[in-house]
Every structure is written in structure tokens, then in C-alpha cells.
Amino acid sequence: MLTGKVIVVIGGDARQLEIIRKLSTLDAKLSLVGFDQLDDGYIGASKQSIDDVKWNKVDAILLPVSGMNNEGEIETIFSNEKVTLTPEMFSQTPQHCTIFSGITNDTLNQYVKKAKRRLVKLMDRDDIAIYNSIPTAEGTIMMAIQHTDITIHSACVAVIGLGRVGMSVARTFDALGADVKVGANESHQLARITEMGLTPFHTDHLKEELADVDICINTVPELIITAKVLAEMPLHALIIDLASKPGGTDFRYAEKRGMKALLAPGLPGIVAPKTAGKILANVLSDLLQGD
Amino acid sequence: MLTGKVIVVIGGDARQLEIIRKLSTLDAKLSLVGFDQLDDGYIGASKQSIDDVKWNKVDAILLPVSGMNNEGEIETIFSNEKVTLTPEMFSQTPQHCTIFSGITNDTLNQYVKKAKRRLVKLMDRDDIAIYNSIPTAEGTIMMAIQHTDITIHSACVAVIGLGRVGMSVARTFDALGADVKVGANESHQLARITEMGLTPFHTDHLKEELADVDICINTVPELIITAKVLAEMPLHALIIDLASKPGGTDFRYAEKRGMKALLAPGLPGIVAPKTAGKILANVLSDLLQGD
Amino acid sequence: MLTGKVIVVIGGDARQLEIIRKLSTLDAKLSLVGFDQLDDGYIGASKQSIDDVKWNKVDAILLPVSGMNNEGEIETIFSNEKVTLTPEMFSQTPQHCTIFSGITNDTLNQYVKKAKRRLVKLMDRDDIAIYNSIPTAEGTIMMAIQHTDITIHSACVAVIGLGRVGMSVARTFDALGADVKVGANESHQLARITEMGLTPFHTDHLKEELADVDICINTVPELIITAKVLAEMPLHALIIDLASKPGGTDFRYAEKRGMKALLAPGLPGIVAPKTAGKILANVLSDLLQGD
Amino acid sequence: MLTGKVIVVIGGDARQLEIIRKLSTLDAKLSLVGFDQLDDGYIGASKQSIDDVKWNKVDAILLPVSGMNNEGEIETIFSNEKVTLTPEMFSQTPQHCTIFSGITNDTLNQYVKKAKRRLVKLMDRDDIAIYNSIPTAEGTIMMAIQHTDITIHSACVAVIGLGRVGMSVARTFDALGADVKVGANESHQLARITEMGLTPFHTDHLKEELADVDICINTVPELIITAKVLAEMPLHALIIDLASKPGGTDFRYAEKRGMKALLAPGLPGIVAPKTAGKILANVLSDLLQGD
């Protein structure tokens, strides 16, 4: 339980609602900033303006998945009010106060450094990355169905990278009956791909291996589907690039060659905001209770 | 090979193109009616008006998946020209001439009866129904991802009916990590559901079993998700009704209760027209070569 | 519940114990013949000699899976006493009395015909055959592991027949990562094999298709793996023949050619007697309660 | 290719034969010590006594999976001759000569240290451990079928540890239809278990979680299934301990309590020696060619 803990939740989208619900159930004292258009009443939660927060009582501050922009502004879907953070707000909190944010940037890093507070980047955590790989895989499936005129079943699908996302995506396409090959660059990854019943290949041979695919899904966050690789791919092949912006595909060349290549960021929040919110809520409440 | 066989292909959508491609490869002599806007050149295929067909040379006539309406008219996606059949056209064909159509209706039945020709209803065939269950399942997956805010993984999913479509749909949702229960009414179906690692229930207990589902997919072509059943379902539950029109759901009551219930006919042609066309092309060419 | 029902259980192996346990739980009045070495006390069950049974009070008679031999004798694992049935015993029962037996033979058929009683052949039932296909598949897995020096994972495995057993066996070997092809002779079976993600082939091409297998599992109860077929198979290939005696393999020729071919009857009772007993107990109690 | 490379293969079991076959195909010059009873002729391979080896020409020395005992003796299945190594043999080799062994021990470590040669412990490699997890999982399946009277399908199975072996074992039992829970102690492992569709639990709660299992498989190489844990487990539960000797189970207490607990080392070499040999042969030939 979180009885007595004071938590300020600032801005965010539908995912934040699941967090609020969970923390409220655990009996935290919630201060909601940027939620004035929200109907639902939650036990122990009160809506506030950022200026009314009593920072010296706050045990934890929760920023959205997108964090804060470099001007200190925070996205608020449930409010028209502009919410802006200052380093002073952090400084006024008790020393043990922790800031939780999906991702960070230079400005946020400076704020917490200046205030000497602890920042937890939720999206950097291995557990969250793996849980999020589930809605990511489903979003990829949806896109593959929408953007091809063939079934995934029996299609020739290549997944690049056997990291946290790649493993889930590869398993999911295999489960739907695709003929899945996975590109990796370490021998233990090639072994695991084999064990999973998929076809392994080394990314050194990317060009040759992609020459016969119907669908190619990239998870490696560096330019790996280069013009040279694209030039050998079938024209009908669909590329879904999951790697964080700018992705791992030479999109300019793909377009020039008339190929469909889609950069698909942020799938969990798009295809399953409720599940994505629950993932954050569960990990967050474990962290807060563990403190 | 189909060398020397004269086949008239009348109307239809993208699926017909795969059939034309396949029959052309097998060296049939094709007469294409209702395809004037089509660019592609196929070996041995010529575009014709319905009035120019030499019916007395025709070995097989191919109607679209949707067949013919009760006025004898045939849908043509690749033409603005109106194409209308008469029973006389059939009568002029040689006795061995076979008519292939996706589905039939009273008028078409009368035409073939009058002309004493053989009619093959492709959609009635077990093999085609099973092959088509693959794109149907994928279309259902797509809809479930689009119309819920949770992942299919870990969702509670009920599939009603373990027929040709139900088996594929149930397997597919299970493969994506859903918690799948399947309703059936015969003991051998309940046994198979168990063997597949899914949870079986008898449709006599539909009301109780649907009381906790997130997603319900119906394949039974009769009113089975009645108002009584709906009244006990969670309000957030999504119903995807795959059964042929009018489906098996009391849609009026579902709407009244504020539930999302979707009738989803013709998924194969929508989500995977190329695969759906190949399915027809393969079976059709086997049938024509077997003759 | 079976309160008040008088059931005579005659002979059998460990599977019968699960049946006795279940019927006893359902409050039936049990008369156990051929179980004198059995320790366990079951509520409402009493051990008897066949001669002490009051046939005119009996509602149901339960013979073992193996039924009765042509001399009227019944196998008893838990007794040294010889148990022999006569048609007169059946005749003395009330008209509604039903005889349940795993399988039947000419003599048993004559007995029930003479006594005008109903005989239920449990092993003929579709539901039991499908439930039993699960331990059968596991027994086959065990044999494949024991009798090869390679893993099932990545092995080339052919399953012949997509009936009740074939479907389960094929799915199980696929689940373990084998490369599974399935031979069938009907187009709807070939479609289902494809949908399951396995490779279909027509048994007309058995000889060619078995030429590269590591393991071949037969479920077709007729001579199908003939000398001609065997002559083209790799010498190291293992044949596991599940079809009822005498199996579907030319064992004499296989041995002559130095190939390992195993006839493997009765796997459920061997590898999972408790599960096999529960399968019977569940179906039987449903039938008795439905009466 | 390995043309010109001189490799001494000393002792070992059937797995070594696959290695010899592979290296021979790659045109290495092989010296086989401890294989005098072997019939097969391999290209470029000659049988030798340990005393006849020209150590100063040797590029690589290959010891068996079991390595060498502390007296310098090496197991030889295909010979009655006693094969004993001395540190001097290693010292006579050229500086670049590499010694490959499955595992090592103090004596072997001293030998290579003294001779300043490189030792590669094959069994320590991640890729080999993962490939070997496949036959290990199959061996575990075989034991589970042999030592229970129920099916794996529908059984309640716990796997302890989500390492290289645990992941494969858990997946395999799930694939056979068991109800699989997996115990781990890191949050990212619990996330991956969830993603795999299995039930995660923290090993802090081992005692409670094992209280209802039918089969428990341990992969954690430390005493984890203690007397306290065992005391709460069902008496019928089967324990298969895969962890390296002495395993992670209090076997003495298990026996006292009348429970079946099996320590099962070396499964790959037992259930699939040919596959296990190929795994070594593939990795070894990659390493030798990479040098």
C-alpha cells in the first residue's frame, strides 16, 4: 500500500489514467495536474493547478511517457491549460522525492541534476521494454495486415534484431504461420533463434537474406536497411521500421524505388493504451512500494 | 495444363486477377468480360463484351465470388459496362460446360437448371472454406486490435463454434497469447478444443461463459448471442460476428446497451485479396484439370 | 449424481481405478469383480465374486478397455481369480441395463444380441478417441526420443493420416520444432494441414515424400507403408506405427532392409494410465448421468 | 576449409564422431587418439597412439566433453587403451595451438597455464549452452512421460530458472499443453515469462508456488528446493533436477518423504548424441575457421 505517500501526476495521455487508478487503489494521496477535463472521481485524488502544488510535501513526481520538452512544457491531453515545470519546483521537494518519466532529455536531466533528485527513466527499464514489446508486436501485426494484400500466414517475413522487441515480434509472426527468419549478429542470438524454431541469419548477409521477403520488420536502431539492401529487395516487400526515430531504413531511397516503408513509433500507446498504462502502473507501484 | 480449354471469366474483383493469372499460366484460352479497365496483358487472354462471346465453344464459365444478383447482373470492378447474363447464354454452351460461382441464388439456380448445366458453388467447398478461414482469422485479429484499447495477449476471448472458421480463429487468438475459450455443442468438438489446449464450454452455458470476456467472436450462423446473453456480458466487451448475414448477434439490443458489436462479412477479400484470389485459383485449376 | 444406480465393474487395469473413484464420488453403488487384491476403500463399493452378483438389480455393467475374449474371459490385473461371463448373466439384468466395453468382438456381440441389451463401445466414440489422442501423441514423442540419436527439433517428420490421432500427433511434433509434413487423401484435410502451418502432401505420393524423412508416424489402419515405399526411405528412418494391429507397415520387409519399425499399440494405457482412466471416467459418468 | 590444419582428437564418445566427420569434410588433417575400435574411414584421418603424435606440428587439440580427470586420463569409448596426457605434450605444440575441451578442472587448468596455451571451454559458451538446451528439454520431456502416470498436457508444471536451459524447457512443456509457471528472480525475466504466455512467479515464493505442481523442473545450480519447500509439495509431484551436480534439490529429504526426485545430468549426450555432436562440430569448425 502507498498510504500517506503524496504523488503529483503531471500531464500525459490515456495511459496515465491507468496509473492514477492503480495508485489510487493503493491509497496514495494524488495531486493531478493537467487533468481538469477528466470526469472520473478517484479516491484520494484531487485536481490541481501546477502553481497550487505543495512541493515540500511531495514524495514522487510522475511525468508522462514523453517526458518534458526542452522548454519545460508537458503534454496534457486532458487539459487546455499550459503546464510548465521549473527546476525550482523540484528543489522544493524533500530530498527523497523521486521523479519518474518515460524518457528524458537534456533539459530534464539538468533540472534533476540541479535539484539533486533521483530520476527514473521508465522506458529504459528492461522489464517495461519487454512488457511493451507485446503491444508493439500486436501493432506490427495490425500494420502488416492493413498494408499487404496477402496473409501473414505463409508469408516470408524477416525480423532484424533479436533484442527485447525483436524476440516478441518474431515469435508473434511465427505464431501466425509466417515463415520467419531473424537477423542477428551474436552467436548466442543465432542459437536462440534456432531454438525458437525460426531461421537464423547473420546481419552481415542482410542484402542476400532480404532478397526474397514479403515483409521486413526492423528493430535495430541504426541505419541497417541501406539503399544497397533496399535495391535487392522485392518491390512488393513491406518494411515496418520499429526502431526509434529516425529508424533504421533509408526511407528516402525506399520511396524513390517505389517501396512501402513505414516508420511506426509509439505503437503501445496507439494500439493498446489501456494495457500500456497498466504496464507502467504495475512497475511504478512496485517501485514506489519498494522504496 | 489447360491447353485448348476455353474459359469465360465474367466480372469480379481483385481476386479474379489471381485466377486469370493462374489459368493463363496453365495455357487456357481466356475470354475476359467486364475487365476493360484492366491494363495487364495475360497470355492467351482477350477482353470481350458479353455479347461477343462465342458460347458454343465455351468449356467453363467463371462468375465472381458474389455470383449474380436476382436480375442476372454481375458486379464488375474493372469496368463501367453493365454485364447481364441470360439463361440463353448458358443453353448455347456445349453440354459439358461447367459454371463456377462463389455463391448462388434462386435466379442463378434457375438459369443452370433450365440450361441443364453443372453449377459448382466454390464457397460451399470444404477445402476453400478452410483455406479462407486463414485470412478470415487475420481480419478478425486486425479488428480486435483496432477496436480495443487492450492487447489480445492476456485478453479473455470466447470463440463460438468449432467449425471450419472457428477452429482457425481460436487457434490464432491462442497463438497471440489470449486466454481462449471455445463454445461448441458436440462432445467430439469439446474434446478437440481440449486437445488444442483451449478451454471448452457447451453453448448451453453461453450466458454464464460470456459474462467475463473481453472479446467474443461468433461463427455460428444463427441467432445465438441473444439479448439475454448480451445483458450479462461486460459493457466493454467487443463482439465480432463472422457468421454470414444477418450474423448471430442481436445487434439492435447490443447497440441499445451501448456495446460495440461488429458484423464483419467478407474478410478474406478485404484483408488479403491476393491470397484469397490464389486460394480460388488453386482449387479452380485443380478442378478444371481434373475434369 | 448416480445415487441409487447399481454398477458392476468387471476386471481391467489401472484405468479402471479412476473410473471406480469417479463413480464412487458420484454416489453410485458399485460392485467390483476381479479387484480382490485392491486395497483402497471406496465409498459404496464392495468387492464381489462374479457368482455373487445380483444381476436383476444391475443398471450398468462395465467391462475393461480390452473387453472380453472369445471365451467370455475378462482380464483382471488386480485378481488371480478367473472371471468368465455368460450370456445368462446379461439376460438376468433389467431391460434398461447397459453394457459398456472399450472394444467388442463376435462373442460379446452375440451375448448382448441374445440378451437384447444395449452395448456401448467406448473406444468407438469420437470424443474418447480425441481425448486419447493426447496420451497417444505423448507416447509417440517418448518413443521418438528413445529410438533416435537426433532431436525431434529440426528433424524431418512425416505423419500419415489426419484423423483424430493424426491431427494431435502432427501438432505435437510441430510444437517440438520438427519439420512436419502430413499425408492425407482428401482436399479438406490438405487445407487443414496447411492452415495448421504444416506441409501437406497427398498419400498418392507417399513413396516420394517419405524419401527424406527421419521419422515416419503412421495412423492409417491399412497397409500403406509397403515394401515399395520402404525401399525408397532412408535406412536411418524410424517408423512408429500407431494404427491398430497389424498396423500399416510391411514390418517383414522393413526388418529385412534393416530398418527400425515399431508397432506401438495401446499407448494411453502405457504412458498415462491415470489420465487415460480419467478420460473414460469423465465420458462414462456423463453417459450414465445422461441416461 | 581447414586444409593443412593438424588437429588431434583425443578420446570421447559418439559425439566426437560427428566432430571428426565435420572436420574431415573440411579437409583438416586429423590424428585420432583413442579410436582404435572405430571402423569408419574418414578422409585425411589416421588413428594413432598418444605416444606417436608429433606435437610440434599440431594446430589444435580436441578433448572430449568430459575433459580430462585430475590424473590426466581421458575417457575413451572406442578404445581399451589408456590415454593419459602430460603437460609436456602441450608444451611441445606450437605457441598458437589451442586446446578445446567440454569442461575443465584444476589439473587441466594447470597444464594449459604451464604450457601457456589457450584453452577453450566449449560448454561455457553461450551459443553451445543454448543449442544444447534443445536436447536437454527433450530428455526432460522423455523423463516426465516415463515417470508419471498422467499426460504432460494439462499437467501443472513449474520450471525454476529462466536461463538458457530454463527458457527452452519452459517453452517445450508449454508447447505440449502443460500449464507452465516459471520461477525467476529478476523483473526482466518475469516480464519475458509473461510475454511467452507462461505464468511468472518470484522464487521468493517458491514454497507456496510449488504446493500444487505435478512436475517440477529445476535449472538453478544451487540448493533451492530445500526440505522446507519439499515439505509443502504434493507427494505425487515428480522433480527433475537438471542443474549440474549436486543439483538444487535436497534429495535426501525428498527420498525420506517418499517423493520421486531425479538428478538428470548430461541429457544431450544421452538422448541425442548425434545432434549433440553436430552442435559441437558446427561451433568448433566455426571457431577453427575463424582463427
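We just call them A, B, C and D in the order they show up, numbering each chain from 1.
We take it that a residue touches a chain if its C-beta (ideal position, glycine included) is under 8 Å from a C-beta of that chain, and two chains touch if they have at least 3 such contacts.
Just so it is clear, the structure is predicted and the values come from calculations on it, not from any experiment.
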Repeat of the A-C interface, chosen from B-C, A-D or B-D (over half of contact pairs identical by residue number): B-D
Pair with more cross-chain C-beta pairs in contact, given B-D and A-B: A-B
Cα-centroid distance, chain A relative to chain D, in whole angstrom: 38
Centroid spacing, where centroids are CA-atom means, of chain A and chain B in whole angstrom: 38
Between chain D and chain B, distance of the C-alpha-averaged centres to the nearest whole Å: 52
Of all residues in chain A, the ones touching two or more other chains: 134, 153-154, 177, 194-195
Complex contacts: residues of chain C adjacent to chain A: 153-154, 177, 194-195, 197
In the complex, chain A residues that touch chain D: 125-128, 130-131, 133-134, 167-168, 171, 187-188, 190-192, 194-196, 283, 286
Residue numbers on chain A that touch chain B, as the complex places them: 14, 134-135, 138-139, 141-142, 145-146, 148-154, 172, 175-177, 271-275
